[in-house]
Amino acid sequence: MSEKKITTMNGNDMYALCKELFPINRSLTGEGVRQTLAILKRENPELEIREVPCGTKVFDWTIPKEWNCTDGYIITPDGEKIADYKVSNLHVLGYSTPVDRDFTLEELKEHLYTLEDQPDVIPYVTSYYKERFGWAITHKQLKSLKEGTYHGVIKSSLTDGVLNYADCIIKGESSEEIFFSTYVCHPSMANNECSGPVLASALIKYVKSLKRRKYSYRFVFAPETIGAITYLATPVDCMQILDPGKAFYAGGNIFSTVRYMQRYVKAGFNLSCVGDDRDYSIIHSRYGDTLADRVLTNILNSHTGGKFSDYSYLRRGSDERQYQAPGIDIPLVGFCRSKYHDFPEYHTSADNMDLVSPEGFQGSYDVMAACIRALEGNGKYVLTCFCEPQLGKRGLVPTISSKETYQQTLHLKDLIAYSDGRNDLMGISEIIGAPMDEVIDLADKLIKAGLLEKYDERTDI
Amino acid sequence: MSEKKITTMNGNDMYALCKELFPINRSLTGEGVRQTLAILKRENPELEIREVPCGTKVFDWTIPKEWNCTDGYIITPDGEKIADYKVSNLHVLGYSTPVDRDFTLEELKEHLYTLEDQPDVIPYVTSYYKERFGWAITHKQLKSLKEGTYHGVIKSSLTDGVLNYADCIIKGESSEEIFFSTYVCHPSMANNECSGPVLASALIKYVKSLKRRKYSYRFVFAPETIGAITYLATPVDCMQILDPGKAFYAGGNIFSTVRYMQRYVKAGFNLSCVGDDRDYSIIHSRYGDTLADRVLTNILNSHTGGKFSDYSYLRRGSDERQYQAPGIDIPLVGFCRSKYHDFPEYHTSADNMDLVSPEGFQGSYDVMAACIRALEGNGKYVLTCFCEPQLGKRGLVPTISSKETYQQTLHLKDLIAYSDGRNDLMGISEIIGAPMDEVIDLADKLIKAGLLEKYDERTDI
Amino acid sequence: MSEKKITTMNGNDMYALCKELFPINRSLTGEGVRQTLAILKRENPELEIREVPCGTKVFDWTIPKEWNCTDGYIITPDGEKIADYKVSNLHVLGYSTPVDRDFTLEELKEHLYTLEDQPDVIPYVTSYYKERFGWAITHKQLKSLKEGTYHGVIKSSLTDGVLNYADCIIKGESSEEIFFSTYVCHPSMANNECSGPVLASALIKYVKSLKRRKYSYRFVFAPETIGAITYLATPVDCMQILDPGKAFYAGGNIFSTVRYMQRYVKAGFNLSCVGDDRDYSIIHSRYGDTLADRVLTNILNSHTGGKFSDYSYLRRGSDERQYQAPGIDIPLVGFCRSKYHDFPEYHTSADNMDLVSPEGFQGSYDVMAACIRALEGNGKYVLTCFCEPQLGKRGLVPTISSKETYQQTLHLKDLIAYSDGRNDLMGISEIIGAPMDEVIDLADKLIKAGLLEKYDERTDI
C-alpha cells in the first residue's frame, strides 16, 4: 500500500468541504452532480466516476432524462423579481420543464409550492418522473401576492444525457467488505445532503490511514433511489475478487452486483444528515439483526451512554430502502445525527450551513471510525486453560487481595469468563457492558499472554 | 352454491333470537336442548341434530341420564309458594331428582343453595354426576325463612334417553377448516349462554353469504364439557373430505373425529358470553401460539385500539378445556365480551336480557366477521422485482415529491418492504401496524399491478 | 442404606457448629484448615480428607507453600501491644512472611492495611502469591499512631506442606449427581465463611435422612479458588460410577474429574454467606440456563414471594468462577443470603457471630432442602386420557357445581392441562405458579388415580 502518510480529516476540514459543496445545484442528473463528484474525486483520487445513459432500464425503473437548469424567476406585476434561482436553487421545482410566459395570479398559483405550517422557508419539491414546471416559495410570500400579470421564467433542459455516480474499493486482506452508501442529488441543503458525501470522503481517508485492514471497504456516491438502483443493476469493474475461488460472480449478468454484494458485504451504512450536533440515530435493517445493526448499536451505546434514537426499518427513508429491499438483502443500517423527516429544517431552505457544525461532523466521524475499529478488531477467541488463569503471576491483577481489589480488573475477568467459543468480542462487549475499544485492547493483552486463542484453532479437550 | 341471496343478521336480529331462546329450560340433556336446537335449525337448515344414548362411554366419561323437569317449588309454613320453577328455572338444582314431601326448616336448608355475597340473586347450581335434589334461592330469602313445616316439590325425571347436539359444515374450496364451538346447556341466562349459539347462528349466515370461501367452516352446538367430549369421541358423517388423498381419516375408529380435526382445523373459536357491550376478551390457547391466537389478537388490536382483555389459558373455563386438552390440541381460543367467571352476573339470575344488547351482539359479530375475512384473505406473497418498484408510474403514489408526500402511502410501501417471503399478510399487519382489511386491500392492488405474487410461485434469482 | 435414624440439624444446631468453627485461623493451607475439616468429619464421617503437595501444578496454577501462623503484634513507642493476632487473627496479613524488628512510623505504615471508609473495622487482607508481611488494623487506630519506634512481630512459616480439602458422595439410585461446593479458607469471619461449611454439613445429614434418593450427592469443602481448581485438576477415588457402561471416565487423565462432573452433575450449588437473615440471593450460571438456575429460581420464588436478589454471572465472586469457567461448564449457581461483596460487614472483623443467626441458617437450609425435594420429585408426565378426565367420580373435585367450586381445585386442573409431554413438573410449576412441593403432591395423586404416566411410557394415539 501507499508509502506516504495519509492525511485524515477533522471536524473543521469536513465543515469546509461541506461549505464548498453547498452552493452547487444538484439533482438526479446533470452538471451539478458531475461538479460534486469531481470535487469528491479531488479529495480521494481512487473514486471512479461512472455514467449510465438516460433511458436505460434498471430493474423496475428507467433512468430519466438529464436535467440542467441555468436560471429561473418570476416578475411580479410591480416588476419585482421573486423566486430567483440565483438566490436559492430551491426556488425552481426539481426537474422543471422550461417556461417563459405571462400568467394571471390564479394560473401562476397552480405552479407554486409552499409549506403552510412553515411559512418562512422555501420547500424542496421535485417532479422527476412527470413533466411539470413550477417554483417553490415561502408561504408568507404566496400570501403577499396581489392580482395582476406575472411573468415566469425557467431556463432548463431535459436531454438524453447520462446519470452519474462514483464508487471505489479500498482493498483489505479479504474480499469481505464494509460498505458505505451516501447520495449526491440534493441542491443547496447542508445536512441533507452535503454532510453525507463529506463524511464518506473523510472515512475513505481514515480507512486508507489504517496500518492493517482485514476488510475491504466499498464507498458509493450516487443519486438517491434511482442512483442506488442503477448501482445495484449495473455490473461495475471494481468488483475485484481477491479470492476468485470463493466467489460466484456472475459476469455480465444483470444481477451480478447484487449477488456479489450479497456474498461479500458483511456490514453496510447509509450516511445521511450527519453534520448537525443534536441527536445520534440508527435506522435498523428490516429485522434489526445484521452485523451492521449490532456494531452501530454497540458503538452508539458506549459513545452516548445509551442516549440515541433507535428507529425501526418502518422509519426508513433513504437508500436503505434499496439495499435492504426484499431479494437485495444487503446487511445495512442508516446512520444519522437528527434523522431525515424528523428535524424541522428537513427538505427546506433552513437546512443551511448554520444547521451543521465542525462538532457535528466530528461526532459522526468518531462513531463511524469506532464502528470500523470494532469490525476490524472483532473475532471469536477461547480461553486456553481450564478454570480461571492465574492473572497475578502475569502482572494482570494486583497481588494483594482485599475487598477493594477484586472490582478493579472486572472487565478483564469478565472477558475471560465469556471467552467460551459462544461469543465474539462484540457479543462479550454487549454482555459485560464494556466498550469495544477496551474489549479489543484487553483481548490483545490476553492473546499476548497466551491465555486467549482464535476459536478455530482451538484444540478441544 | 346457492343462487338466492343470503340474509345476514344484525345486532337487533341477534338480540331477538336471544330473547326467543332465553326462557327455555336447558340442561346437559332433555327437552330444552331439543327445543333450542330446533330453533337454531330453523335459522340454518344445514344444522344436523345428533343424538347419543345415555350410558355411552366417551373417553374418560359416561353420558349421564336424560333429565327433564316440569315443575318445582316450596310451600312455606305460611302457605306461600317460593322457589317457583315457573318463575325462574334457576330455582331447581340442575339434574335434581324428584321429591314431594314435608321438611323442617333445618332439613330443608340442607337442600337450599344461595350466594351469601350476592344476596339478591338466584345462583345457578347443578349436580350432574351425583344424585341430589335441591332448590336455589336468593340469600335474602334464605335469611327470611321462619321455623315451621315446609313442603317441597320437584317434578323431574332421570331416564335412559339421549344427549343431543348439532353441527354443520359450510364447505369451501379446501378441506381445511375454521371451527366455531358454542354450547346449549344452560337454563335461562342470557350472556352465558344464549348469546353464544345466537352469534354462531349469525356467523353461519355470514359465511354462507361470502362469494368465495377458501376454508370450510365447522359449527358445533353442544352441551358444555360432556357435549364437546362426546363430539370429539364420536365419528360423525359430516367429516366429508374434499381431498381424500391428503387425509388420514381413521374410519369408524373412536379417535377419528379428533384426528380429522387435528389435521384440518386451522383455527377455532369457542363463543361464550358474547352479548354484553362491556369488554372484549381472548382466552388464549395453551401456549398462545396458534393461528387462532394470532388472528383474534390482530383483529381485537385494530378493533379496540389495544383495549381488550388478554387472558392466558390458565383462565380458561369453557370448551377450550376439551379442544385444547393434551393430545387433542385443536388450535382454538376462547372469545368473549366480559369473560365468564369475571362479570358479577355470571351464573346467576342477574344474567338476563338486560345484560345483553343489540350493540353487544353487533360488536362480537363484527370482530368474528373480521377474523373470517382476515383468515380468508391471508397468504404469503413476495415482491416480483428487485429494489423498490416505481409506484409513481402506476399511479400508486403522487408524482410530485415534497416532505409531505412520502408519509401518505406508507402502509403500501411498508407492505412492499416486508413482502420478502418471510411473512404472511397477517405477519406484515402485525409488523407495520395496519389493519388486516387494509393490508388485504393493498395486497390486492399490488397483485393486480403485477408487483406481488404468491410465494410458492416465486422464481428465485 | 443405613438402618439407624439420621439426626438432622436445625437452625440452633447450625449456629452452634458455626460458633465452634469461628475462632480457628484458616487460610489456603495449614493447621487451621485441617482443624476445620476434622470437625466437619466428626459431623459426617463419610467425608474424606485429601492432601495435595505444595508445588503441584493444577491447570494454570501452582499450589503455594503451606502457611502457618502462631502469633503477631506491634509494640507502640508507648509500649502498648496492638494488632494482636491473639485478639483477632485478621490482624495478620494472610500468608505474611515472618518478621521481628523495629520500624519508624513511616516504615511501618507501608505494612499496615486499613479501610478508610469503614474506620472501625479490621479489613481481611491476603497476599497468597507474593511474599510480603503486614498487619491489618482499623483506620481509626492508624490515625492515632504517633511518631516513634515501633516493634513488629509475626511468627509465621511458609513450608513445603500440603493443601487440604474434603469431599464425599452420598449415593443414590443413579450416578447422576447434585453437587454442593463450599470453602474453608477464611479466618475468623462468620457469614463468609463459616456459614457455608455448616450448611453443607447439615445438608449431608438431610440427604442421608431421605428414604429414597434418585440422585447421588457430592459435597466438596475446599479452600476457595486454588482448592476448587485443585479439586477439578485432581482425579479422586470417590468418582465411583454406578453404571460404567454409560461413562466416559478418563482414568488417570488429568481432566478426569472435569469430564466426570460434566457428564454426571445435573445441578450444583456454591454455598457462601448463608447464615444471616437479611436477603436471599442467587448468582446465576454464565447464561442463567441450567437446571440449577431453574430450580433455585423456582424455590426462591415460592419461598420469598419473589422478593429475592437475582444476580447475573457478572456479579460472581466465589467458586462458581471455577465450576462455570469456559471448558469446565458444570451447571452450578451461587446461593447466598446477603451476597458477598454486597453487605457492609463483608471481609472485615464485623462479619462475626452477631451477623449470623439460627433463623438465618434455618432459612437457607429450608431453601436448599426444598431444592433437593424439587429435583428428586421432578419428572415429565402425560395425561393418560383424551380431553379432561372426570375428576368428580374419583373424588378429586366437588360433585356440586356452582360459580364458587371451579376455582377450588385449579392447580390440579392446571397440572392436568399442561401434562402434554412438553413440560416437566418444574416447568408446570413455573407456568401455573404453584409451588413444587404442591405440584409433586398433586402429580402423585394423579399417578395413583391412573391419570398421569411417565412420558417415555406413553402410547401415542
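When the chains are written out, they are named A, B and C in that same order, and each has its own residue count from 1.
We take it that a contact is a pair of C-beta atoms (placed from the backbone, for glycine too) under 8 Å apart; a residue touches a chain by one contact, two chains touch by 3 or more.
A quick note: this is a predicted structure, and the numbers were derived from the prediction, not measured.
Enquirer: Pick same or different for copies subunit B and subunit C, depending on whether their interface residues overlap by over half.
Expert: different
Enquirer: Please state the rotation angle, between 0 and 180 degrees and to the nearest 5, that superposes the Cα atoms of subunit A on subunit C.
Expert: Rounded to the nearest 5 degrees, it is 120.
Enquirer: Nearest whole angstrom, what separates the Cα centre of subunit B from the Cα centre of subunit C?
Expert: Computed from C-alpha means, the inter-chain centre distance equals 54 Å.
Enquirer: Between subunit A and subunit C, what is the gap in Å from one C-alpha centre to the other?
Expert: Centres of subunit A and subunit C (C-alpha means) sit 54 Å apart.
Enquirer: Help me check something: in the complex, which residues belonging to subunit A touch subunit C?
Expert: Residues 382-383, 385-390, 392-393, 399-404, 406-407, 414, 416-421, 431-433, 461.
Enquirer: For subunit C, which residues are in contact with subunit A within the complex?
Expert: By the definition above, subunit C touches subunit A via 59-61, 113, 115, 123-130, 132, 225, 228-229, 232-233, 255, 258-259, 286, 313-314, 316-317, 321-322, 324-329, 341, 346-348.
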